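Chain naming follows the written order as A, B and C, and within any one chain the residues start at number 1.
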């Protein structure tokens, strides 16, 4: 059953990824051309046309598409139009930084959020609940660049504890990861609180408590397990956003992840880089969503694969 | 939005209206949240009457002046002036119209769309599930900036297109959460029972499954208001959002960004406006949810004797 | 005083270490698991200045600069944009030249003080006939890979850079095409099709690549520049830093009089921080010694804020074929409605001066007799009313368009302009336009622009050649690539001026400038200053052309 399910999902994934990349190819060619951007505005029409010819933008779209597809068949996306080196390695080069930041952020955010959510759900309306709610909603409603810059000004300039920005060891990742963690902590903790409240009112919790099972076990084993599905779904959603590249935070902290690269490539209409990067992101998102779907049946055996 | 998602009106019947009002009056946190929401809505609706200055009147001489700077005429610039010498408070008041509308409209559109598709995918499974969830995959792999650019190129920037961009980028989260919960719910005993007594699928989805999803979805939707308003700020920052001289909180935040160290009030007040408004919405939503929930209600309405 | 500084430093250090140690205990095991694959070079760039920047302050309380000393210390420069490629033809660009101009050299440079052209890889040059310039090459110059520089190699390099097949962007920047050939081992002729009296000004933007690298290893050109300059390229970690180190074999060490600078700093890192508050914070935190392109207000908060004149002039380009703007009164009204002094003082924080023309005083042909258009709202309103009375459709829609991110506060200035125009009775709105869409409109041939477009763009225009002819050919001529103005008389006068040299050229170009001015062909607004944040120990004088040559910098 599971094997057949996996086979079908993998088969679908090929279409999803091909679909995303194809749409991106078409869309990129619809929204303006890079030749104009490469030249100074004072450049003459002849120079512009010559550059277009050189970049192969003169060919009809189906010719360009054919070239793109035959490259894709060989796993090549062509050279970046601006950086003039192969596009796919440019993306892969930056992947470790994105994965590193995503991992640290998730490691900070997920446990914090779940613990806060459970604590808040234990005594709704109590002071702890109110404080946690206000703080987590504050995290959701704060502009990330404001938060990032404020953290830099406080911890790097005023206190001089941490470097302002840059890439490297633990001291470099702490501020960007902290800034990024605010939103997921807020969202996941609120959702945890709400689903836990629903679960805690159910009969099996009363039964478990009546049977004398320790409260900690009731909360974190029985109840949380039943509340886990929406929590994991939302967490995966946040993680997908991080894997897409945390553009603002990468910009503020000069973190060399894939987000800045993508934004610049879109701005520059650097077709090969955008296509290569979207391909890589689509792969990661598809894999993530598949893992999440598989986890449902582990958490709730009633969910079956067909 | 809130009302729509939480108003399975039958639940109210058990308790009198007076009890709600009394409970609300006792609960200071929720009461202040309500007061703030009312304040913001009144200000947005009556912007022309309540703003102390013309929000479009520029003055180079008053560029980036701090809070409480005296004005040429009328009352002082309580929250300071912006980079073109316009009154910040008046711009906040006018900006609330666009921000609130954009926030609520995009959440409504994406929430309804995402929930419906999530229900279909989770309940029927099979082909519907495959198609809908693979579209979600495509959407999540597709850069949202690119989407914004495409819509901008196709239709130009402007209010409706901003709502469109935000709705299209945000519906997937509802679809996924709804589907994940529906997957479990469709296997529960009460759904089996409903099916056994011959309920139609539509009835099962909307009468038995959907009400059980409302609580997490409401939490998600109210938090999405904040996310959407902030996402609008990033569209503004790229020049793809609201076009000046119109203003929104997001646009003010984006424009104030470069002055964060030299004129703090330019980002602080729009930031606070977003924070307080979304916080109030969320607190209200939490309260509404709690007092309409038969299990939790006693705790919030203060009916201590009847508690188990 | 000294001891106090030390105490202060050590306490900061202590705090820093305590914080890090605390974090290490808590977070290290977790982080170790998810460290990226290659952390060793990665953590170096910004960690290094942290470690070294307090160090030079401590052991060198008494400086003895009298004796010739080996280059020492490390300089970290924060730029706003990372270069796309380090190919030699990209050395004209704002993102390319900070790195490239230190690694590669051109035949000529400009004196940092007088701004005159001076020899770099050439020692002398002359125009032997209207279409040929002859350059004498410097002797004993070696590339960083050991190759000697001769006329053959220089000619190859120039022909590669300016080849129509390659069609590099530098051609569109300061074309037209040229060809070079070696006369003997140290003499080079550069030939153009048309007479080109300002060829040296163009060649000053064109550093020479290493011929062997171009021939044998072209794939490495974008990422690994080889040149003859005072600094050699060490490493480029994309997204993080570009590292250079002093070149011990630089020709300038043996010819200090011609070198126009000296090597005092050993290592240089260029890092990239897109946000100006972050660049400012880095100077303040002592992580970098030099931050480029911050706002004037931010510059004031750094240890040494510098505002320096540039070759950039902000101006409003008017669609003179527009229904309303084809009328001179309407154009004049627009010119009068902008408060140039107010814009310079307030909007640009004092970093600029009102402009009367599209080029600054540094350009040959600048007309010093012209005054900035006055600021007079009443007259502007009257002009619009007059035009309306005369049947001009003054309510035709105007868009004050600006290219997103083109320069500091362009969006505010567009909003300001639209507001001023509405006040004098025109129908204007502002719009921040995506770069690709903007450029398409901006560079549209004049004949294709519809009278309904009505764009007023605010742009900085840089006259790097320092000769009005390039500006006039782009913006004043009917056929100019970026021109929205057409006046056949002006075209004739300009065509006649181009081949002239000396005083005749100056007089003719000044006359052209005046014709454009008198017809309100565009609205010059301000000559823009650029702002830099410097650390206390950093000694540097900004150049008019914006180049950042490390040989002109010192760390005290």
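Simple rule for what comes next: a contact is a pair of C-beta atoms (placed from the backbone, for glycine too) under 8 Å apart; a residue touches a chain by one contact, two chains touch by 3 or more.
Keep in mind that what you see is a predicted model, and the values were worked out from it rather than measured.
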item: Between the pairs A-B and B-C, the one where more C-beta pairs touch; value: A-B
item: Chain centroid nearest the full-protein CA centroid; value: A
item: Centre distance in Å when chain A and chain C are each reduced to the mean of their C-alpha atoms; value: 36
item: Inter-centroid spacing, chain B versus chain A (mean Cα positions, whole Å); value: 21
item: Between chain B and chain C, centroid-to-centroid distance (C-alpha), Å; value: 44
item: Residues of chain C whose C-beta touches two or more other chains; value: 277, 281, 434, 437
item: Residues of chain B touching at least two other chains; value: 149, 153, 260-261
item: Of all residues in chain A, the ones touching two or more other chains; value: 31-32, 145, 149, 153
item: Chain C residues within the chain B interface of the complex; value: 276-277, 280-281, 295, 297-298, 301, 339, 342-343, 346-347, 404, 408-409, 411-412, 415-416, 418-419, 429-434, 437
item: Residue ranges of chain A in contact with chain B within the complex; value: 8, 12-13, 15-17, 19-20, 23-24, 27-28, 30-32, 124-125, 130, 133-134, 137-138, 140-146, 149, 153, 183, 186-187, 190-191, 193-195, 197-198, 201, 229-230, 232-234, 236-237, 240, 244, 247-248, 262-263, 266, 274, 278, 281-282, 285-286, 289, 293, 296, 300, 302-303, 306
item: Complex contact set, residues of chain B against chain C; value: 56, 58, 60-61, 63, 83-84, 149, 152-153, 238-240, 243-245, 255, 258-263
item: In the complex with chain A, residue positions of chain B that touch it; value: 27, 29, 125-126, 130, 133-134, 136-138, 140-143, 145-146, 149-150, 153, 172-173, 176-177, 180-181, 183-184, 187-188, 215-216, 218-220, 223, 226-227, 229-230, 233-234, 253, 257, 260-261, 267, 271, 274-275, 278-279, 282-283, 286, 289-290, 295-296, 299-300
item: Chain A-facing residues of chain C, complex; value: 12, 15-16, 19-20, 23-24, 27-28, 30-31, 34-39, 42-47, 50, 84-85, 87, 164, 167, 169, 171-173, 175, 219, 221-223, 237-240, 271-275, 277-278, 281-282, 284-285, 287, 434-437, 439-440, 442-443, 445, 459, 470, 474-475, 480-482
